[in-house]
Amino acid sequence: MPKDMTETADIFTRRESAARSYCRGMPAMFAKGRGSELIDADGKAWIDFLAGCSSLNYGHNDPDMKAALVEHITGDGIAHGLDLHTSTKAAFIEAFERHILAPRDMDHRIMFTGPTGANAVEAAMKIARKVTGHSNIIAFTNGFHGVTMGALAATGNGYHRGGAAMDLAGVTRMPFDGYFGEGVDTAAQLEQMLSDASGGVDAPAAIILETVQGEGGLNAASPEWVRHIAAIARKHGALLIIDDIQAGCGRTGTFFSFEEMGVTPDIVTMAKSLSGFGLPFAALLVRPEHDVFGPAEHNGTFRGNTHAFVTARVAIEKFWADEAFEQELAEKQRLILDRLAELAVLVPGATLKGRGLMQGVDVGSGELASAICARAYELGLVIETSGNEDQVVKVLAPLTTPVETFNEGFDILLTAARGVLDSAAKIAAE
Amino acid sequence: MPKDMTETADIFTRRESAARSYCRGMPAMFAKGRGSELIDADGKAWIDFLAGCSSLNYGHNDPDMKAALVEHITGDGIAHGLDLHTSTKAAFIEAFERHILAPRDMDHRIMFTGPTGANAVEAAMKIARKVTGHSNIIAFTNGFHGVTMGALAATGNGYHRGGAAMDLAGVTRMPFDGYFGEGVDTAAQLEQMLSDASGGVDAPAAIILETVQGEGGLNAASPEWVRHIAAIARKHGALLIIDDIQAGCGRTGTFFSFEEMGVTPDIVTMAKSLSGFGLPFAALLVRPEHDVFGPAEHNGTFRGNTHAFVTARVAIEKFWADEAFEQELAEKQRLILDRLAELAVLVPGATLKGRGLMQGVDVGSGELASAICARAYELGLVIETSGNEDQVVKVLAPLTTPVETFNEGFDILLTAARGVLDSAAKIAAE
Amino acid sequence: MPKDMTETADIFTRRESAARSYCRGMPAMFAKGRGSELIDADGKAWIDFLAGCSSLNYGHNDPDMKAALVEHITGDGIAHGLDLHTSTKAAFIEAFERHILAPRDMDHRIMFTGPTGANAVEAAMKIARKVTGHSNIIAFTNGFHGVTMGALAATGNGYHRGGAAMDLAGVTRMPFDGYFGEGVDTAAQLEQMLSDASGGVDAPAAIILETVQGEGGLNAASPEWVRHIAAIARKHGALLIIDDIQAGCGRTGTFFSFEEMGVTPDIVTMAKSLSGFGLPFAALLVRPEHDVFGPAEHNGTFRGNTHAFVTARVAIEKFWADEAFEQELAEKQRLILDRLAELAVLVPGATLKGRGLMQGVDVGSGELASAICARAYELGLVIETSGNEDQVVKVLAPLTTPVETFNEGFDILLTAARGVLDSAAKIAAE
Amino acid sequence: MPKDMTETADIFTRRESAARSYCRGMPAMFAKGRGSELIDADGKAWIDFLAGCSSLNYGHNDPDMKAALVEHITGDGIAHGLDLHTSTKAAFIEAFERHILAPRDMDHRIMFTGPTGANAVEAAMKIARKVTGHSNIIAFTNGFHGVTMGALAATGNGYHRGGAAMDLAGVTRMPFDGYFGEGVDTAAQLEQMLSDASGGVDAPAAIILETVQGEGGLNAASPEWVRHIAAIARKHGALLIIDDIQAGCGRTGTFFSFEEMGVTPDIVTMAKSLSGFGLPFAALLVRPEHDVFGPAEHNGTFRGNTHAFVTARVAIEKFWADEAFEQELAEKQRLILDRLAELAVLVPGATLKGRGLMQGVDVGSGELASAICARAYELGLVIETSGNEDQVVKVLAPLTTPVETFNEGFDILLTAARGVLDSAAKIAAE
């Protein structure tokens, strides 16, 4: 590492909080991003199979979004507009209505919350409680919904929950689809407990779920299970909240992750790739009859990031105005599946996880998965683990990644895996 | 309003959540911002005495920040980098250390939380609880710290609290400085209750306060009171959290609002004008011994907005590298005081509120204050109310507002006030 | 009803709270109790298959306890002694140690809580939290532990929970043994969720259970399940609390309900029949290493009811000094089973529930069970329902009930059931 | 101590929980009680100025109550009757209506809760929340309402609160009358915070208070303050709960402690001396329009202690059927005041505390007060301290204590105080 690098790295040690994380395993000083590549200050490039944890579904610095954003800024377009009307916001909403909501027969309204997924989740939970007068929200094992106190209550991860250092209220945990193995219908279990006058689960305000648990290990719910959950919510007067923060914006192959499941969520939370460009931006979609907040009742300085309105509009118009992109995604998910299958056969007992373009391989231990990812990083691939024990190697590449780059990335991943497994075998043999 | 405007406005009614607020009283379709001016789609301009609720302390589209940001984007600089090391982040931290922390003898570390003030407050409260093992946090009447469940517990406003639709835990409310009038030392009251073995106030993890309550009516705490609170926190093993989200970044005349008070907060929360450009960005400053989060224990997709690192660095270097800006602010706050005094004399019983460049006039009723602001909007000035009854006309102009523009804005404000008062007098006379 | 009776009944309507309950279905004015009989003011007698909800396991006014109590009172024995040492208390503890604890190898200490079962449960939950530093307590579907705020959180019944009119904190609900039918091992499910780092169930302070759920429908846990739960508690650092308030004091055929299960609970809560005479009295048994309350840390005016010490000592010495009583119980539980089987065959789909001398028949609907009990009352038998839908006809006769009286009671019950079923059949036929 | 005594004491060490408290400072083995005397197993007698913490307002073993109770038991009167109608209960309610409620124009209904004060408080808080739909209850510094989780939230004492080992929800603490000294109107402070839209104190379900804080140091609220609080409760839609558990049943010179204050509480909680004989018994009085519990919604096995109905009826008829007893109390409270004044002059800075027959002297330190009480015990007087630092020597003698016995007791107390002060002076002089 050149001297100035060392010094610059020092600044992080000296002045950045110990809460920093990704930089620990991937200590390069990154400087640029282009498409599916991350480039460090020395010009070294990595293929990016992390994509800002699915915040860069259209890759780094998409040229059309870039051009529009530069034009906006150059022309003194509003950078920060509170929740005032702006022509930029109007254009985004119109594009979102035309290309996303209307074709899917969704009458939802858009609420621009603070620009973090957690803020959208907090708003969703508050709305559900205000609508129903109940406080209990059903959330699932391995669900991840953010780490602010309201959202954190719905998050299953014990490490994050511990960060609260106090009790988290208002959420009942239930087993996700498949949690107890194949024969057990966890939706039926939930229904039994809710319907039992002495089941001890209070009447719910909402049921919140991810259709694919991105942080929780790429557990994919079946359409049947999601429909059953939706029916349970309706029966018990609860709202159905689908947290599409990681799985939305095309990640599963369709714009929303639930499109082909036959359910209409009362609330959808969105963030990550919603801006298209990686800018902080979040929103929730809410059925008009549940749009119950008064003016600014849930507020925040940065609700509605105007720069993000610019890029998000371009993203919608570029990728979702016709079916071409979705068709492309259908092909890529087959590619991913095939290449991940190659990885899975290397590891005894490994299983494929996930759906669409958020797939991975459960290699059975967090140690192994982390070793593979660390080795991949050395070889030029940025990739991360997922799951309650970090046991899943997770592919979250930009959806726009060219087939060739996908293959390059998977070649690195396979090389890394073989290298790690060989080393382990040698050590075991000694 | 031209036809297309109407149509465009319709999109908000049709598709934006009823939670939208500022646009209701100021329904123009804004398009551009330049310095202290907001300009609508038809080219009509308003002087901006709101400044994104103090998120645009350096005005709209500062040319130096703009140039740096455009250069960054054009050159494919990282837009979204999770919490990886980036040269952009390093440059920001270095500038912040050199020009802000070091000269003020602050050894704090910077934690980049999710890019909302509320997220920084949530992180601060969690840290305090983790450090102390206690959950109780003391917050004050009329304090405003955000609306996510953790922060909302610390927020006094009943309308916002009601949005939670469930109980808010972990906070004890105490009267702010001056709350019971001049003779009553509310810090001493807090101390008595905390020191009483049967006082019924549990041992605190933290005391959180704004030195000037921006949303709560521009109530300014005296240095003596803040010092007393700091001493109470220390005595009872609690952390002192100063929420400088609205009052920081020069708003009170110095970079931090507490600089001249003789206290060193354990944690400082920052957001709003921290990016310099109005971009979503938040951080907390924490003494090294309290920097207790493990890696990603408090996480979030948009922690560390790379675009904001660019503009925030320029803002620091441009305005805070020497004392020129602070001197300018000292002059402007006198101007503001003088001109607000003119307003105050118009309204019987009106009082001046606030400190530095966050001052206002308590005109005694929310109805009157709102009428004045509404009339000012019609005359070309964007300005808002504050306070538990919206009774304070609050000036939050960009700190960079030229004296001439300041005077223009105040002229409009005075004209508006006179108009409203005359109308009221006429109605009363009839 | 004679005139003075009417007037007297009026006093209840006029001045007793609407919270009164048993008197609604059994409106007689009771005056005396003798053995297994309740006698009203006119001398009419009922066989008592309710026994004060298992508070009168030795029947009404046992002559030996009565004599001892009268002697105590006549001799100016202490009636109320706070938690001072009294010779009466010493004698009780000695008898309890000699005849109950020592023979069962239990090293537990006795804490005299406020004289209600709920108070003992509250104390138990507080101890578990103090010992472990965790707040989460695992409780089960259909569990009943009392209606004060701490205990109510552990109670499953939704009607009682609703009485709190606010959120109940600190408890996670899990399915009881057999809740999801025969094939499903609910202990294994609990273990999986607790062991999962993202299972979202916080580390428990305790697991609390009844081995037979008296209010919840006479659901009897298997010894295997209880042992598995005990192992889970130990593994996760949680205390095992067995709530033996209704099932203890011989009700299941042994003094404690868990005696033959191969577990040693960390805490046992006792009340109901502990005094032997129906007097308010509760206690908890706690292993010495968990006896962590400081002096009066959990206090209460009536902790240690001195009159109850007198009768409780007699009860212990009379019934538990040798094995005769237990042998008698073994015979009686066979009798009960046989006679209940007669009832079960009358109702299609009816099932036998419970264990020992707390058995009943699930007749499939609360309406039917209530009708049977109401008819039995008219015919001279006091008996009640149980279960989440009141669908279980529950026999809780005094353990001392002579075989002949048992049979008399069952004869009435069968007559009542046949009558109700015949009427229903006639109505159905019309 | 004779050998058998030692052995008997061993049983407590060996088998009684460390939570036991009074017996630590007063280790005698008590056996009998007669009037105002406690007698140990060896026949040694103490004058009782503690009276079971005001549970024995009519002394030990009042002959009339004793006779009635023995007659009841001998005649096989019901010992335990759940909440069935009994002639015994009817007779009690009738007496209570005739002699207590009717003459005071109180239309309240009586709810027999579990037989502890805490249970009555829990029921009161639940009712208030159910009536109003709010969860927040205002309680005061130094208030004591019990240690079960709901009541404990309202209790100020930090030692007891800590016993919960988790957060206590649903209560806002406010300063009691006089808490900040003479000039400060704490009711006005409460009113200001409640009326402030951003005061951060949620709309209350109830305000709960003791007119004289028995455990909190005999702080006596002024009638003006209580009236102001009652008005605030009414204005804000909250119920007024007066916890008369310690101060009621004649302790302040009238049956209820609030009788001469010009307020009608919505709910009154009663326990301690309600049975007259020291038996476990509690009740709450609730205005009919707030009697909202459904049948058994708040239940408990021992609600309505039948033995206590017997003695409580005799107590009401014997002491409250005419004004003789109240006149006697008026004289005795003057005696107490005079004799305590003698004590107060001995200690520099000492102040008289309390009202009626619950008076004491604040001697400035818990150490001194405890030393005086310990010395008094040695000299034959049972007396205890009170207050947040145990700094108050508190007289809670039976109300029936003859003047001569009162004087004897006070003579002992003064001797003890002089002895302790002399010793301290000697030590200081050395």
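The chains carry the letters A, B, C and D, assigned in the order they are written, with residues numbered from 1 in each.
The criterion applied here is as follows: a residue touches a chain if its C-beta (ideal position, glycine included) is under 8 Å from a C-beta of that chain, and two chains touch if they have at least 3 such contacts.
From a predicted model like this one, the values you see are computed outputs, not experimental measurements.
Undergrad: Contact counts by the stated rule: is the higher one at A-D or A-B?
TA: Looking at A-D and A-B side by side, A-B shows more C-beta contacts.
Undergrad: Using each chain's Cα centroid, which is most distant from the centroid of chain C?
TA: Computed centres place B farthest from chain C.
Undergrad: Between chain A and chain D, what is the gap in Å from one C-alpha centre to the other?
TA: Centre-to-centre distance between chain A and chain D: 58 Å.
Undergrad: With chain centres taken as the means of their Cα atoms, state the distance from chain A to chain B in Å.
TA: Result: the chain centres lie 30 Å from each other.
Undergrad: Which positions in chain C are in touch with at least two other chains?
TA: 135, 159, 166-167, 169-170
Undergrad: In the complex formed with chain C, which residues of chain A make contact?
TA: 135-136, 139-144, 155-159, 161, 167-170, 172-173, 175, 179-180, 184, 189, 192-193, 196-203, 216-217, 387-389
Undergrad: For chain D, which residues count as touching chain A in their complex?
TA: 166-167
Undergrad: In the complex, go through chain A and note every residue touching chain B.
TA: Where chain A meets chain B, its residues are 8-9, 11-12, 14-24, 26-34, 38, 41, 50, 52-53, 55-56, 60-61, 66, 69-70, 73-90, 93-94, 96-97, 101, 109-112, 114-119, 122, 125-126, 129-130, 133, 135, 146-151, 153, 159-160, 162-167, 169-170, 205, 245, 271-272, 277-280, 284, 286, 291-302, 305-307.
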